[in-house]
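Data block below; observations after.
Labels for the chains are A, B, C and D, by order of writing; each one numbers its residues from 1.
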Amino acid sequence: MLKTVLIGATGVVGQQFILALQNHPWFELTSLAASSRSAGKRYGTAIKDPDGASRWFCKESPPPEVLDQTIENGDEIDPANYDIAFSALESNAARNIEPRFAASIPVVSTASAFRYEDDVPILIPGVNEDHFTLLKEEKRKRGWNGFIAPQPNCTTVGLCMTLKPIQDNFGLESIVMTSLQAISGAGRTPGVSAMDVVDNVIPFIPQEEEKVQKETLKILGRINNATIIPSDARISCTCTRVNVTDGHTETVLVVTKESSDRDGVKSAMKAFSKKLADQNLPSAPKELLTISEDPFRPQPRLDRETDDGMTTTVGRIRSDDSFERGIKYVLVSHNTKMGAAKGAVLTTEMLVKAKLI
Amino acid sequence: MLKTVLIGATGVVGQQFILALQNHPWFELTSLAASSRSAGKRYGTAIKDPDGASRWFCKESPPPEVLDQTIENGDEIDPANYDIAFSALESNAARNIEPRFAASIPVVSTASAFRYEDDVPILIPGVNEDHFTLLKEEKRKRGWNGFIAPQPNCTTVGLCMTLKPIQDNFGLESIVMTSLQAISGAGRTPGVSAMDVVDNVIPFIPQEEEKVQKETLKILGRINNATIIPSDARISCTCTRVNVTDGHTETVLVVTKESSDRDGVKSAMKAFSKKLADQNLPSAPKELLTISEDPFRPQPRLDRETDDGMTTTVGRIRSDDSFERGIKYVLVSHNTKMGAAKGAVLTTEMLVKAKLI
Amino acid sequence: MLKTVLIGATGVVGQQFILALQNHPWFELTSLAASSRSAGKRYGTAIKDPDGASRWFCKESPPPEVLDQTIENGDEIDPANYDIAFSALESNAARNIEPRFAASIPVVSTASAFRYEDDVPILIPGVNEDHFTLLKEEKRKRGWNGFIAPQPNCTTVGLCMTLKPIQDNFGLESIVMTSLQAISGAGRTPGVSAMDVVDNVIPFIPQEEEKVQKETLKILGRINNATIIPSDARISCTCTRVNVTDGHTETVLVVTKESSDRDGVKSAMKAFSKKLADQNLPSAPKELLTISEDPFRPQPRLDRETDDGMTTTVGRIRSDDSFERGIKYVLVSHNTKMGAAKGAVLTTEMLVKAKLI
Amino acid sequence: MLKTVLIGATGVVGQQFILALQNHPWFELTSLAASSRSAGKRYGTAIKDPDGASRWFCKESPPPEVLDQTIENGDEIDPANYDIAFSALESNAARNIEPRFAASIPVVSTASAFRYEDDVPILIPGVNEDHFTLLKEEKRKRGWNGFIAPQPNCTTVGLCMTLKPIQDNFGLESIVMTSLQAISGAGRTPGVSAMDVVDNVIPFIPQEEEKVQKETLKILGRINNATIIPSDARISCTCTRVNVTDGHTETVLVVTKESSDRDGVKSAMKAFSKKLADQNLPSAPKELLTISEDPFRPQPRLDRETDDGMTTTVGRIRSDDSFERGIKYVLVSHNTKMGAAKGAVLTTEMLVKAKLI
């Protein structure tokens, strides 16, 4: 068992990490770390308000054994005692705290702090294992024993997962995506206000579109001379928030470089979906993608939990009426499972297999 | 006062026509017509279930004077007694019933039955008055004294309203639109099931995308030799249903033919918005379009009722990062007001001004 | 393995029975029966619309092995081939069809058709096993080899489950309950209209209050001379529909006959909650009731799925400020699991244990 | 025109006051006051976030003339310059700030700070004008030239409005109420979190039940020797939060002291509803109560805006099945209009008529 420490353990992403690591066969959640405000408290106490209200935000209950763990101070903990650090920090905190851990050990993080640095890859399971090699460059350049491996924005995950087989088979000329994002994607306290989503749509999520566009091109880029050359596809995203608890829906129009059609895209996606199936990774879904033939699917309420939220569901795959080489589809991807903590755990499993941890 | 008859008076669209015609200074709602099942009943009785539950679906109360009107049989009514017929029929019924009226008098309809016929224009106030002339062709060709003037699909209205000033100033090369449509847009009984929209998105509305694409190109087309030459823009729409009662939200990416920028598009839209302002049309909004500078707008809950649902709100107008000559924006348009009955009443007012009625 | 037939297999309650019986260690779902319209079809075909849309309404996927079963005609099937029939019929159909089965074999039913007959008990696991004996009276009186054992209305289940320990320990003088019911409780197609629940509450569910009141007093009644003497408690229910997919919330004020307090009620509930724990019933939850100390619980979204929807969560247990011997609490109970099909399966397990099947 | 100052002008309740006072024929909104943080700013600037997002929370647009008013510092403003102060402060701030104004001028407030003081009446239009006299006692005892007249909690308003005619005609023995409250009732920033209400019910609102119970008995109490003797009715409330933007729904069971029936209660309510009709108060609704005969009403989405949110809708009035002299009904009352700012403005109008201002 590898010893792991979770930094930012009390927030909502930290809680999702705790669930993703529950009964994990390779990773022991040895320590929970948080800010000095929570340090020293029993975890079960730290996630309770003075008035008795729970601050555990997940639908699944917290594992009983975690409730009695004592929270440690993230600033004082010694990274050398662990094999891996999982970071659920907010971006500003991550920028300051993650490097101290990375100097000693690998850090797998959901924070955006280091995503856009040249020597840091953004990893998605099944999509860009060829970028693993950049982690060595990151270590070398920064003089770290470990590294920081950031996960992408939750909205990027399902998009890249579906674009990758299209890119590999037909090339990507342009991508137009509109997201209908769940409220849990807003992450941390206080999150989205109820008045904003009841009987409503919020058509703007600050910085989200820029993140998704930039990350997608980077993730779909190729390595050259220990550098990522981003994809040259044109990409235009509009990100909206809708009245859904979990599960991001994305409508996608892709124009491919080479001739493409519906059946070819389906075949490519089906082949891709099996990519991790035979690697015995504990958190890997049977299929990375599943294709629904029901014209009314995917739907977030019905499809988000497929294989515990690790499978992206794609539906309505069709050729576009007007754009030559245009392919359209809709996807649903679980924003807090494959799109966040549990996706990060799966990435970590792949890094272990690849002997990078 | 012109005498008008409303065909399909008991359904939800009929109810919206009743509200749109309440206290109208030009049009008297002389008769309410429905199928033989309702004929002979008091209107107030016809919109009540045997168990006392109301079948009046609008938020606004029914006008008291209408409740006591007796419903007439649409199949037996004599069109010659009226100056205008408003049709709120479903498409199949419209195909059979509307021609009998059009043989005598103008019919303004929300049904899709005749929208796609070559000699029939689809009219949107402020957008394609130049298509009025086709109504004469329709009369001539069919040997009617009247005509059928169909309104477009509710989703088409806001889109064309915002595309028109862009087309006129910069030309339209391509349009990619994703709609987040309200449940009232599903129209008629029984409408959308609650289980389908609570905590959910439905990514497919049968035939909607084809309708919006076809109608948009026709409406933005030009008249040549008493025929409409559709716009040659490429158009790709994805239509989804979200958990919103009223007000369609649409995310739009337009690539213009000529060079364009954010400020130019705003100016063009502002100029266009005043188009009907000085014509003294009773149902015309002060502005056809209004531009919001709040980055989080438009929102259906906050913007749909602007000028009683007759103004389309546009926000987030910006140049696209990746597509040259790409302009992006989000719009909210009221699907059952400007997008349906009240829009049809405004069209009728314009036809009266144009002496076509 | 006991051979079972499911009558009404294609509707939403039938689907819930299929899930409740999936991998059941005692009951084999030997046959699926439905009306002549579906008979002869593959189950997977019967639950699909002509346009490819699924008519499978549950969040969980249908068991693959069921998709290939051929549906039989419920009117032609021979009950003698089975040990048990599960009925998911609507009430009118149940009145006609269930007796033909009950003449030969036990029928466990979610329909209300026979609930209010004097010789028919309404059974809730853990609450009124003493009423099992009435099934013999039912068989005798009707000359059946089997019997009909109806489950209560979904709203009755959580209420009786929480009232029973109070009744046994403190007596029940009066009960005032308001329910906030989920939309899935409206059961069958087309169910609740989206326009009725978005941003709304429907304050009336036809006949629901009468059913809950009558059933509760019957279930909490005692057997005397092979007859049920209903409880003499006064009961007043108000049933409303709210914007929740699954899980009924009920606010309850009970005035007890004898002196009671919060801690006594909690102890009584805790003792009751273990009632089925040691009987090795496959569908029994570890606890029939669980008490939450979080003042903001129970909440349907967070608590409905406890122990796969078989545990009722009780919270906010407190003495009333104004009513002497008044106890108040809020409960959440899963309306389509313990409150319907899976509750019926559990009842059946208890009847097998009791050698009544 | 009376000169008025609004204290707490930038928050959501302050915004509702601004709307309630728009174009008011008696009251000029002379000054807007807020904390030193906002003082000196243009109102239109103060309600905008640095990123351009609006902090105006009402569906109706802000009056253009208000946007250009400069906000004054509430701590420095001289009350003597005004005839009336409206207070939209939070309770803690109100406790400190309102007395400084009350020393000089009448303060009508939505804050709870002074509601429970013996010499301070809680006023509801049409319900307890006999309590006006206590304001003199308040002035005398505290040595103020003005007074503080607090409005009740929003949930109390509809309840008292419907109980008053029952009390006057049949006496009140006991009241059991469950509220299904709208999210706008949570008032101020950040309000209710979306994750808490989507597909959910929150069964607890801190201190709400105690407030409603205490206020109701006080409001329905009688004056004796310049003191309020609270009603001796027993009252038990459960307050929940549901997924509704505006409009509180309350289910009520009343046991009357004297014999009562449905028709008697209806008549009493109808008589009461006209109480303010002939007083020419600018904000008074035509009817304080309206009775719906549709068994599925009242519904918040359809009934909350009746007469601009100033009329409470009552439905399902019926005799209880089990409780002798039991009367049941459901009400919907607008929590931010009659239940807050606009109700306070109406109270003020009545105080002017009564020459107390």
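Basically, a residue touches a chain if its C-beta (ideal position, glycine included) is under 8 Å from a C-beta of that chain, and two chains touch if they have at least 3 such contacts.
From a predicted model like this one, the values you see are computed outputs, not experimental measurements.
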Worksheet item: Using C-alpha centroids, which chain lies at the maximum separation from chain D?
Response: A
Discussion item. Shared numbers divided by all numbers used: is that above or below half for chain C and chain D, i.e. same or different?
Written reply: same
Discussion item. How many angstrom lie between the centres of chain A and chain B, each centre taken as the mean Cα position?
Written reply: 42
Worksheet, complete the sentence: Whole-Å distance, C-alpha centre of chain A to that of chain D, is 47
Fill in: Touching two or more other chains - residue numbers and ranges from chain C
51, 196, 198-199, 206, 243-245, 295-297, 301-302
Fill in: Complex interface listing, chain D residues touching chain C
174, 176, 178, 180, 196, 198-204, 206, 210, 213, 234-236, 238, 240, 242-245, 249, 251, 253, 295-302, 315-316, 320-323, 326, 328, 330
Discussion item. Taking the touch rule as given, give the residues of chain B at its contact with chain C in the complex, in rising order.
Written reply: 51, 57, 183-184, 186, 190-199, 206, 243-245
Worksheet item: Taking the complex as given, what residues does chain C use to touch chain A?
Response: 51-54, 59, 198-199, 245, 293-297, 301-302, 305
